[in-house]
Each structure stands twice: as C-alpha cells, then as structure tokens.
Amino acid sequence: MHTFFSVYQQVRAHSVSLCKALEIEDFNTQPAVFVSPPKWHLAHTTWFFETFLLQPFLPNYQPFHPQFGFLFNSYYQHEGKRVQRDHRGWMSRPTVAEVYEYRAAIDSAILQLDPEEPEIFRRLTLGIQHEQQHQELLVYDIKYILGHQPLFPSLDLGILQPQLGESGWIKIEEQLSEIGHSGSQFAFDNEGPRHRVFLNGSQISSQLVSQEDYLEFIEAGGYQQFSYWLDEGWSWLQAQNIHAPLYWQETGKEWWIYDLKDGLQPLKPQAPVQHISYYEADAYARFRAKRLPTEAEREFCHDQLLNHQLWEWTQSAYLPYPGYRAEGGALGEYNGKFMINQMVLRGGSVATPPGHLRATYRNFFHPDERWMYSGLRLAEDD
Amino acid sequence: MHTFFSVYQQVRAHSVSLCKALEIEDFNTQPAVFVSPPKWHLAHTTWFFETFLLQPFLPNYQPFHPQFGFLFNSYYQHEGKRVQRDHRGWMSRPTVAEVYEYRAAIDSAILQLDPEEPEIFRRLTLGIQHEQQHQELLVYDIKYILGHQPLFPSLDLGILQPQLGESGWIKIEEQLSEIGHSGSQFAFDNEGPRHRVFLNGSQISSQLVSQEDYLEFIEAGGYQQFSYWLDEGWSWLQAQNIHAPLYWQETGKEWWIYDLKDGLQPLKPQAPVQHISYYEADAYARFRAKRLPTEAEREFCHDQLLNHQLWEWTQSAYLPYPGYRAEGGALGEYNGKFMINQMVLRGGSVATPPGHLRATYRNFFHPDERWMYSGLRLAEDD
Amino acid sequence: MHTFFSVYQQVRAHSVSLCKALEIEDFNTQPAVFVSPPKWHLAHTTWFFETFLLQPFLPNYQPFHPQFGFLFNSYYQHEGKRVQRDHRGWMSRPTVAEVYEYRAAIDSAILQLDPEEPEIFRRLTLGIQHEQQHQELLVYDIKYILGHQPLFPSLDLGILQPQLGESGWIKIEEQLSEIGHSGSQFAFDNEGPRHRVFLNGSQISSQLVSQEDYLEFIEAGGYQQFSYWLDEGWSWLQAQNIHAPLYWQETGKEWWIYDLKDGLQPLKPQAPVQHISYYEADAYARFRAKRLPTEAEREFCHDQLLNHQLWEWTQSAYLPYPGYRAEGGALGEYNGKFMINQMVLRGGSVATPPGHLRATYRNFFHPDERWMYSGLRLAEDD
Amino acid sequence: MHTFFSVYQQVRAHSVSLCKALEIEDFNTQPAVFVSPPKWHLAHTTWFFETFLLQPFLPNYQPFHPQFGFLFNSYYQHEGKRVQRDHRGWMSRPTVAEVYEYRAAIDSAILQLDPEEPEIFRRLTLGIQHEQQHQELLVYDIKYILGHQPLFPSLDLGILQPQLGESGWIKIEEQLSEIGHSGSQFAFDNEGPRHRVFLNGSQISSQLVSQEDYLEFIEAGGYQQFSYWLDEGWSWLQAQNIHAPLYWQETGKEWWIYDLKDGLQPLKPQAPVQHISYYEADAYARFRAKRLPTEAEREFCHDQLLNHQLWEWTQSAYLPYPGYRAEGGALGEYNGKFMINQMVLRGGSVATPPGHLRATYRNFFHPDERWMYSGLRLAEDD
C-alpha cells in the first residue's frame, strides 16, 4: 500500500473514533439547522471521496447506493439535488451500521486508485482536508446535541481544554508586509494568493480573553448597555434573549458552564471564554476600549501566539484576496461562494485535528454564530 | 394478580409490540411538529401512570427519575413545565433501552396498587385508554417518519388494510333522536352528556369514498378550481403547494402511494382514499354536490356502517355537548380545552386498538391535518 | 326616480358621512392585515355595484377605470386577480378625491337601471346590504387606525355608546324550536333554511357583561391562570402578550380605555366590556362557572334582549344550517366559503347601520379577533 | 442673518421642494419596512435639529410637541424609545400640514442660535448633511411608493437621468497609496482616519455597466445559473423569485422598466443598469470574468470617473478604517454601529443633493438591498 494511504486511513479512522462514545440515538439528532447529525458527517465525508474520486477515476465504478448522492451531498449545486439542510435529522435510515458499511466499502475502493496521478493526489488531499474540517464540526455538533439535552450528559471525545497563553502585548511596527499562502504545500484556495498589505502600527494581546475577564463585562451590565453593541448585534441580543455566551447558565448568583467532557461545571476564571459570537467579541472589545485584530495582524504574529486553543474572531470580513479566483466545477464551490456576510477567525482550536492548521488558514462564520469553538484576543492601535 | 391487571399488561405490551420492527435510529426522529418520536410515546404513556397513579396513591413512591416529569409531560399545565413540543426529537437521551427500563419499573410498581379502590380503578382505566390513543398516534407517527425518509422503507406493524364497505345509501328519517354517552361503561367526558338532537331527513353513504372516486376529483382539476374549496382551504392548498392526499406521488402519468407495510405502491382503485384533510373532504363532497355527515347522523347509523376502517370527517365542529362540564385538575385538561378550531371525526380506523371504540366516540383534528388515518363518506339532504 | 333608489342613495351617503371627519392622511392607512383603509372601503363597495350590476345589466357600460377591478376586488375569486390584502394600505393612488368621483359616476349610472327587473332588484338589495356591512367595518377600522396612533386622537362618527340592558335571567324551557330565516324579506343565504333544533333547558342573562364584571376577572388573575382558557387561547395570550381587552391600557393602578369619540378615558364600570376575543369571552364564562349561549338560544330570546349594543359571542361554530347550499358564481362566495374556524356572534352593535339587523342574522369572526364591536352575555344549563 | 443660515435654509427648502409634487395620500405610505414615508422624513430631519441643537443650546426651549421625540426618532438609542420602524406608515397623524408647521417652527428657532459657537456650528453642519442624506432616501422611497402602486403613476422630482461615462479602462499601478479623509472640511467620521493601503496592480472600467450589457447576462440565463452567484445570493434569488433588477417587468418578450419621471418605459440600452443588489453586481462581474473594484481602488480613481450617476457597489465590506473610533453619545451612533454585514458603495448618484459628495464618501447597504440608486462598474487584476 502506498504510504500516502496510511495518512488517508488515519484520518478516516479518526472520524470513527470521535463517534465511539456516542449512543446510536445520538447519531441522527439535529437540534438546530446549523447542526448536522453525526451520522450525516460520517456519510457525507465518504460521499465526497466517492463522488470526486471513485466516480471519475475508478474504472467501472458503481455507486454504493443510487440515492446516497441525494442524501449526503451538502451544498454542491454541481452535483445536483440534495436533502434539505434542516431535514438531515429526519433521516433515521440508512442506519448507523449501514453508514459504517458505506465507509468501509469506499475506503477499500479508494485503495485501488493511484495516488501518484496528480489529479488523484490533489483530490485525495482535498478529501482528507475536507474530512478533517468535518471532524472539527463533529465536535461542535456533538457538543450542541448533548448540551441541548434536558439531562446534560457528558462525553469524553479526547479533546484538550483550551489554555489562555502568556499575558502581555506584542508590538506590530508600521510596515508593508505580506500575507497569504504560496508554495507547493496544500492550502485552501481562499488562503492565496500571497500579497502585500500595509500594517499600521498596533499591538496585539498575547493572551486570550478569560472567563474572569468576560464575567466583568457581564457584571458591568454589558448585555444591557446598547452602546457597546453593533446595531444588528443589539437586535440579535433582544430577539434571542441572550445574556451570556452559549452554554452559560445562571443559577442563583453563580454561573455554570456546560462542558462536553465534564457536564455542567462552575465557571473557570482562568480558562478562555468560549462560544461567543462576533457581536459579543466586538462588544467586549469596545467595553475594554480596544478592538479585535485584523486577519493580517493575526497572521503576522502567528508564530508568537499560542495557537490551536480557540478560533479567534478578527475584525476582517471574509472576502477574496487580491487576485483570488475560484476554480471551476463542483470543487470550486468549496470556499469562494461563501464570501459574504461572514467574518474571519484565525488561530485554530483544540477541536482542530492535528496537522490541519497553517498560519494562513482562514476560518469564517456569520457574526451571530457561536456553537463553534470561538474566543477572542484584543488589539489596539498605537 | 388482580384480573384487571391482565388488561393493563396486554395494553402495555401492545405499545412495545408496535415498536418491535423499528431500528433504534427511528425512535427519536421528529420530522414535523405534530409528530412525536416513538420513544417519547413509550415514555409519556408511562409518565401518565407514574404521575396520576403512583405519585398520589403508592405510599412513599419515589420518582423513577427526577427530570422525567419535565421530559415526558405532554400538555398538562397543572403538572408544570415541560419540553417544548418541537424539541421532542432533540432528546437522544434517555436511550431507548433506558425508556424500556422506565416502563418495566413503572409496570411493576403499578401492580402494587389496589384496583378495587374506585379512584385508582378510574385512573387506571383512563391510563389504559390514554395509552391506546397513543398506540394509534404511534402508527401515524411511524408512518410519517418512514414515509418522509428519502429511501421510503416499509415496515409491517400488523395493521390491516382499510376496506370500502358496501355500496348504497342509508336513509335517516326526520326525527328527534338522542346521541352521546350514558351509563357506567367507560367513555371520555367529551362523549356526554347524552342529549336530544333533531335530525333532519337525509341519507348517508354506506361506503367510504374510494381512491378511484377521489382520482376523478383530481383529474377533473379539483385542486385547481377554487369554487370547490373553503376559502381557508384554498389558501392552505396554495401555501403548501398541495395537489393530492398525503403520501400520493405523481410519477409521469401514474399515481403512487406510500404505504407503511408495502412501501411505494400504485394507487389501488378499490381501497378507500386516506390521509385527507377536512378541506379536501369538504371540497370533494362539494364536487359531488353532496356534503359530509354531521356527527349526530354518523352516530345514529353507527351500527349499520363498517366501522374501524378510517376516521371519517364530519361537518360538525368539536364543541361541548349541552350540559358538558370538564372535571377539575390535570385530568380535566384531557379534552375540554381543545374545543375550538377542530372538526369531529367518527368511526375509528384500522390503527385504533381493538376494544377502544364506541358509537359515541369523538375524535377531533384541525381542518388542515391529514397525517392521521382519515377518510370520508358522503351524505345528502332529502 | 324610483322610490327604491332613495334607499340606495341614503345608504351610499351614509358611507361618505362616516368618513366626513377623517383627514386625508387617515384614508389609506392599514396598521394590521385585517384592517382595510377607509378609502378602500369607499371604492370596494362601489366596485361591487359596478361589477355585479352595471357590467352585466347596463348596455354598453364601459368600466370607470380598466384597473379598478384589480384594485378593489376583495376576495371574489370569480372576478379574477386582486391586490393582496396586506397591500391595500400601499395604494396612495387613486386619491380620495378620485374615489369620490368614482362613487359619483357609479351612482349616477346605477340610476339608469330598472329596479323592477327581479335580478337587478335582488342584486341592488344585496349591494346595499353589502355596503351596510362595510359601514360597520369602517367604524372598526377607523377606530383601529386612530387607536393605534401614538397620539390617540378622537373622532366623532355619530355612533351611540353601548348599554348594558336590564339585569336578570331569562328562562328557556326544554323544547323543539325553529331557527333561521324564511319568507320573502331579504336575508343572507347563511341565515337559512329555517329548521328545527332541540333546545335543552337553560337560562340566559338579560344583561351584557360589564367592564366592572370583567375587571374582577382581570384582578383575580384571570389572564395568568391557564385553567380558564382553551389551549389555543392560552397560547394566543402568551404569544401576543395579552393582559386585557383591546384598547385597555394600565397606567399605574388605573385602567384607561381608548374610545373613538372621547380618546383615552378611565374605565366605565357600568358600560359593557367591548373588544374581546372568543378566547376571552369563553375564559370569562368559565371563571363565572357559566357558559356562552348557543346561537339557537340567542335567536330564541332575540326580542327579549336589548339588541344592537355589541355583537355577542356564542358557543356555536359558524357552519351551514341543514339544507344550506350556496348559490353559484361570484355572489355565492359571499358567505359559504368562510364556514370553518369561525364562531357565530349575534345581536348587532351600535356600529351596525339602522335597518340592517334581523333576529336570524349570523355574524362570524375567528376566535382571536377582537377589533370589532364584540361583547358577551352569559348562559347556564338548568 | 448669518450667511451660514442661507445654506441651512436652502437645504431645508430642498426637502420640501422634493415633496411638492406628491399627493397628500403619498405622504404616509410605507410599502416595505426599509421605506420611510415622506412625511416621516420631513419630520425626522426636523427632530434632529430640535433634539441636537435647540434642546441643548437654546435657553428655555420648550419642545414643539411632547411626543414628537417618540414619533420621529429613527434609531438613536441614546434618545430613548421610538415608534417601531415598520409602524411608521401607521401614523396618519400628525397631518402633513402639521409637519410643515413643525418644520417652520424649528427653522425659525434655529435662527436664534449662534453658528459661531464651534459645537453649534459642528452640529448644524451635521444636521444639514443628515438632511441631505434623507433627501436622497426621499427619492428612493418616493420611487418605491409610486413604483409599487398598481397604477404606476409618474412624478417629476427634478432628478437627472444617470449617464454611462466614457468607455475604456483606467490603469492602477501597484503602489502604496493613501485613502480616507483628513483636514478641516466636513466629513463623516467613518471616512477617516486617512491611512495607507497597498494597491495591487489592476484596471477599472471608466464606464458603468449598461442595461444592454446587463440584458446579455439575463438572456444568457444568468439568473438560472448558480455558478455565477454567491451562495446566499442564490438563496435570496430563489426565495424572492427574482429574475431581473428591481422595477424591471417582462411583458411578452420585451422588458419594461419603471422610472419615476416617465412611468413604465421600454429598456434603454445605453443607460446604466440601476437598482441591483450586491448579489447581482457580483454575479454579473463573475459572468464577465471580472470583479468589482475595492473601495480603495475606487477612491484612487475618483477624479477620473464620471461620479454622481449611481452608487457603485465595491467588493469592500463596510468596516472601520485603522484607527477609527466613534465619538460618544447619540451622535456617535451615526455610523459606527452599522459596521457589519454591509458592503461599501462609492461615487454618488443623480439623487445625491449637490455639494454633498466627496472622494472619500462611504455609502453602505446590505448585499440584498436594491431600492437605492445602485449600479456597478467592473475591475480586473493585472
């Protein structure tokens, strides 16, 4: 077996491993439209390899099931009709066991491909990266599913707890700099082209904002004071009746936070605040008379910061870099078509699979989303 | 063991038996707000016995789980807060196995009660009737869950196929008659008091409307011609883009109908049309220049008709009979509080558990509902 | 001029007279989908005469404006497409002055018809009755428009204040009775055919429920106690955040009520409570351990009661009488197609134009509506 | 009178002049939540001067009406509660005549202030700029109101027709450049601080996209081909059933476009396409294998382009410039709190009042909005 396939197999095995502790009943629950059931993730990542590798490149390949293209396509318009996103939780069938059979069958067919073929290599790499992205989403979704059970069960997925980093400020001198990906290593198309940007002088905190810091904002009435908030953030707050980050619960005068591994736990002052929306991150920064970093500033300091803790909101909208052009066909739908109404997050999280990150990595979410592993650090102008 | 308990055990066993063929994955799926997941039915019917029998009547009874009152209360305001109806499908926990343990524990505690105590007897009887109602809902909900899978799986629950009955018309002479329940046998409170009603002369069809009959309505453009429809029915049709009964699919020029036992099947001309809303039943009657029977007419003819096939829409609104008064407390919430915006259905269905029906039985649904086993028969004035 | 036309002209003049005190700005305001702007009422009633009389019966009649059929049709599907109901307030054009020109032109053309022609006579009569119904709606809608201004302006439309009636109970003996219209005088089709109904023994209050009576319900926590409410009424209450009848405002510990003629006024204990929904009427009756009358009971007592004060909710759903059949064509859309999800109100109101009422008159609204002049009286079984 | 007041009076008179041709009925119509009724604009701009100048600076000033602060505040949270945005059209009162009295009273009081006082001068200037912004919105809103009448009336507001500009491409060399406002002349806070940005080499079209150009996109199936669209744009298209820019109507095989001055008119090939959303602008650019300019590119070329025709969508999100900080208090709510989910438009439009524009001016709208005078020009990378 080609050595490349051992990476493939490790990554594929990791998805299954993340679901090991689940009960069968957990696998097709969808308590919110942005959540995908774990079974769906397991099948969809498999469909990706079947559709973009086996069907075009394995001679005489017959689809595992004629309907799975409809069931497990996510958003690839090029690949035709698909189950409505908010109906994913309706699918009790195929069963979990059948999805595992699907995975096994595709995995064994994939081994028949020749990874030395450049286009096959390119797509296998993309499929692996794609599966890693879904592994991170799996963690978010499993946490959301269990954290929205009235019984608040806990489950150990083997994810580390995020840390704060060193306290202090890192200076960024005014300068013409470069950001973005270049070179032959894998990166998503939205990370390039590498290009020049002018950095104004500023400094960036070396530490994430802690739960203790954030509690001061809450206790100072931050969620009741409109002047900290973007106008749409304030409306969001009112409409959703939000008073704290996701998974926080006030019991009497104490705050408890749901954690996937430990269940409901008292607030941990020295842990980073997590599960906040852009609106909350931005309001908190204004409360401190600071701001969020831009993605260029964040990328510039990447090696000096403790990455891989929580995705950090930046003040940058998710837009194409100068010279960006999406590739054609279904795989071109991967990134470019989402470049509106989303903000960039940088840095990675404890839920990001090992080996998946780069300094140039651009994650992105809508400003009201917060079920992902999001946090923030502050910046300020000179 | 008291002989009464053998009825209890038979009924309880039947609920479990209906779920025998399900996969674990089917048990907590909720593809529409009016559908309850099978696991929820199994737990809720158990909660009913625990709440209304064990807690008040079994000395020193400790709840099986402190939170199950919150999880499995349906709509009893007297019993406090409960899981939002449209979140029932979110509950992957407790697992199916845990719910079966819950059932077993409650069943064994129930046997310690004295069914000769009149109030215990009365409530046990109500609990059994309540469970039977949920057995029928289980059939509707399982069909809806499987019938909304993209793969249209089939499942044999042991339910018979509905039959048409004899063709012909049964004459009702103009007269003062009596309807409603009286006597010491069990009936729901909404079936009484027995009272006099004046019947105008009419006749009522001895046969349900068949699929073939109904197809003529469709092919005559019935769903495109507003003059057959109540105004709100016409709006419903447009808003929901409805062209046929629930579970009908047009493939080319053929109609296929999803059946729980057989999966997708060609239309069966000599089977009764099923899964229609009041709006559709009423429109069809107008198309035939007939009308739906009233509930008094339907009750008057009960013994002359082939009951237990499909619930038949009547032209009667679900309202209290003269002299009706709901009992106090939580059990008084059973029927009376639903007496608005619903229409009465009579006759029973193949999904109604044996022994559950009476001539005076009043079923009721909103005019746009159709996932239940509903059909219709025609009537006309002299 | 035929003497019949003097009735026509009086009725037509009354519509204009009701709008005399309005400012131009009031004429096309639509603060809720169920409200029609006054200008629209003036034009729509005119369109009715143009469409159902001038176009079919006046030789060579040319429409006043080719688009007015689209603009001012209400709900007559037979007459083709029309402006969406919730867009009526968008129409600043035609202006008020142009609508008055339209009225004048149609009125003068109508005088050229021969009212001795039976079908013309029948339709003219219907058109007059139709305009009278809109005169009552005009009062509701003008009150709603002005009562939802932040400045709460008052306006005198010449409408009397409703009175309570005599205190006492009127006995209804158990009997076979008859209700419904018969004979050659005008009545809407839904008032017939006259038919027999069996009345159980009961008594009915000779007095409407007063504001003082109703205040006791509020002060006893009636809006916070679910057991008084129908289930859908309780949901309505919560969703709409309702604590009192429409137009009531609590200021400190005092209740103020908006009245069209007098503006915001303190509650008047001896005036009938007004602007309540069916849900509220039904809950109040349950609070008093009474019930609402049926429409048969209410019709039976009609002459013994002080009518023409407020429309009184009955416990009867709006359904066809035995033997009812709507006429064909557009005019058949007048009543029958609304016979679902509505409850009957009887008795008339101070806003009903003189000469428009009959003992058999059936008004109907949805159970959550309350911008009309609605009130209630109680009944009880023997 | 201070010469500065003649500017004040000219600007105030222009608002009235724009409404001269309206009928009274047009003044309080609100056919969409984003539209404000003309009467509201006239009152709100007056409220701005009353609230931010007369109340703080004119000794013993008594509000014109105690409730107008509630009625005519737009979104200034600092100034307390206000009429819900979608209820602005409900306000038939105060009448148009009363609003003109309000304007006259405030105007005469304003003349008593001393414009040499720096803070008074600063606020008067802001009030004038604010009124000019509402003058432009008045044009959009009047067009929307009349363009959504079923009768499509026309109205001459004295606005010029937009022109295409010269055909050709303007080269932008790769360079470090500066954008943003500096200096003592008035600019909105969001236009600064002036700061350096790196421009990659590109070129920008000297001409707006014409109706003829855009028609090619439509005729090539642009609205049916997902690959041209951002994902949220494609969803927007489907949900709103959009097939062309706002005000375009297809009649048979011809396109007609509603114009405020001329009513419904055949498409004008050599006029710029107008009333497009960001989604449409971006899709069109992708269809041409080009892109939209960034705001820095657009500002760099400002003097070389024919400005003041249509607001041109840029590819830049509306975000704070480096070093931007909103001022405190109510006037700080002017710009900063809207910096999310909006895109920048540059260049001005024929509806922008004379003297209101600058090269650094940043207009901003949500990507789905198109009732404003929006168009586009293309850019491309070297």
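A, B, C and D are the chain letters, set down in written order, and residue numbers restart from 1 in every chain.
In the analysis below, a contact is a pair of C-beta atoms (placed from the backbone, for glycine too) under 8 Å apart; a residue touches a chain by one contact, two chains touch by 3 or more.
Since we're looking at a predicted model, the values are computed, not measured.
Trainee: Chains shared as neighbours by subunit A and subunit D?
Mentor: Where subunit A and subunit D might share a partner, there is none at all.
Trainee: Of the pairs C-D, B-C or A-B, which one shares over half of its contact pairs with A-D?
Mentor: B-C
Trainee: Compared with subunit D, which chain's mean CA position is the farthest off?
Mentor: If we average the C-alpha coordinates per chain, B ends up farthest from subunit D.
Trainee: I'd like the Å distance between the centres of subunit B and subunit D, where a centre is the mean of that chain's Cα atoms.
Mentor: The separation of the two C-alpha centroids amounts to 57 Å.
Trainee: Centroid of subunit C to centroid of subunit D, CA atoms only: how many Å?
Mentor: Measuring from centre to centre gives 45 Å for this pair.
Trainee: So what's the Cα centroid distance for subunit B and subunit C, whole Å?
Mentor: 36
Trainee: Indicate the residues of subunit A shared as contacts by at least two other chains.
Mentor: As it turns out, subunit A has no residue touching two or more other chains.
Trainee: Run through the chains and report each pair that touches.
Mentor: After working through each pair, the chains in contact turn out to be A-B, A-D, B-C, C-D.
Trainee: Can you check the complex and tell me which residues of subunit D touch subunit A?
Mentor: Residues of subunit D touching subunit A: 75, 77-78, 176, 195-198, 200, 202, 226-227, 229-234, 278-279, 282, 291, 315-317, 319-320, 322-323, 332-333, 337-341, 367, 381.
Trainee: Give every residue of subunit A touching subunit B within the complex, in rising order.
Mentor: Those residues of subunit A that touch subunit B are 23-31, 39, 67, 70-71, 83, 87, 89-96, 145-146, 148-151, 153.
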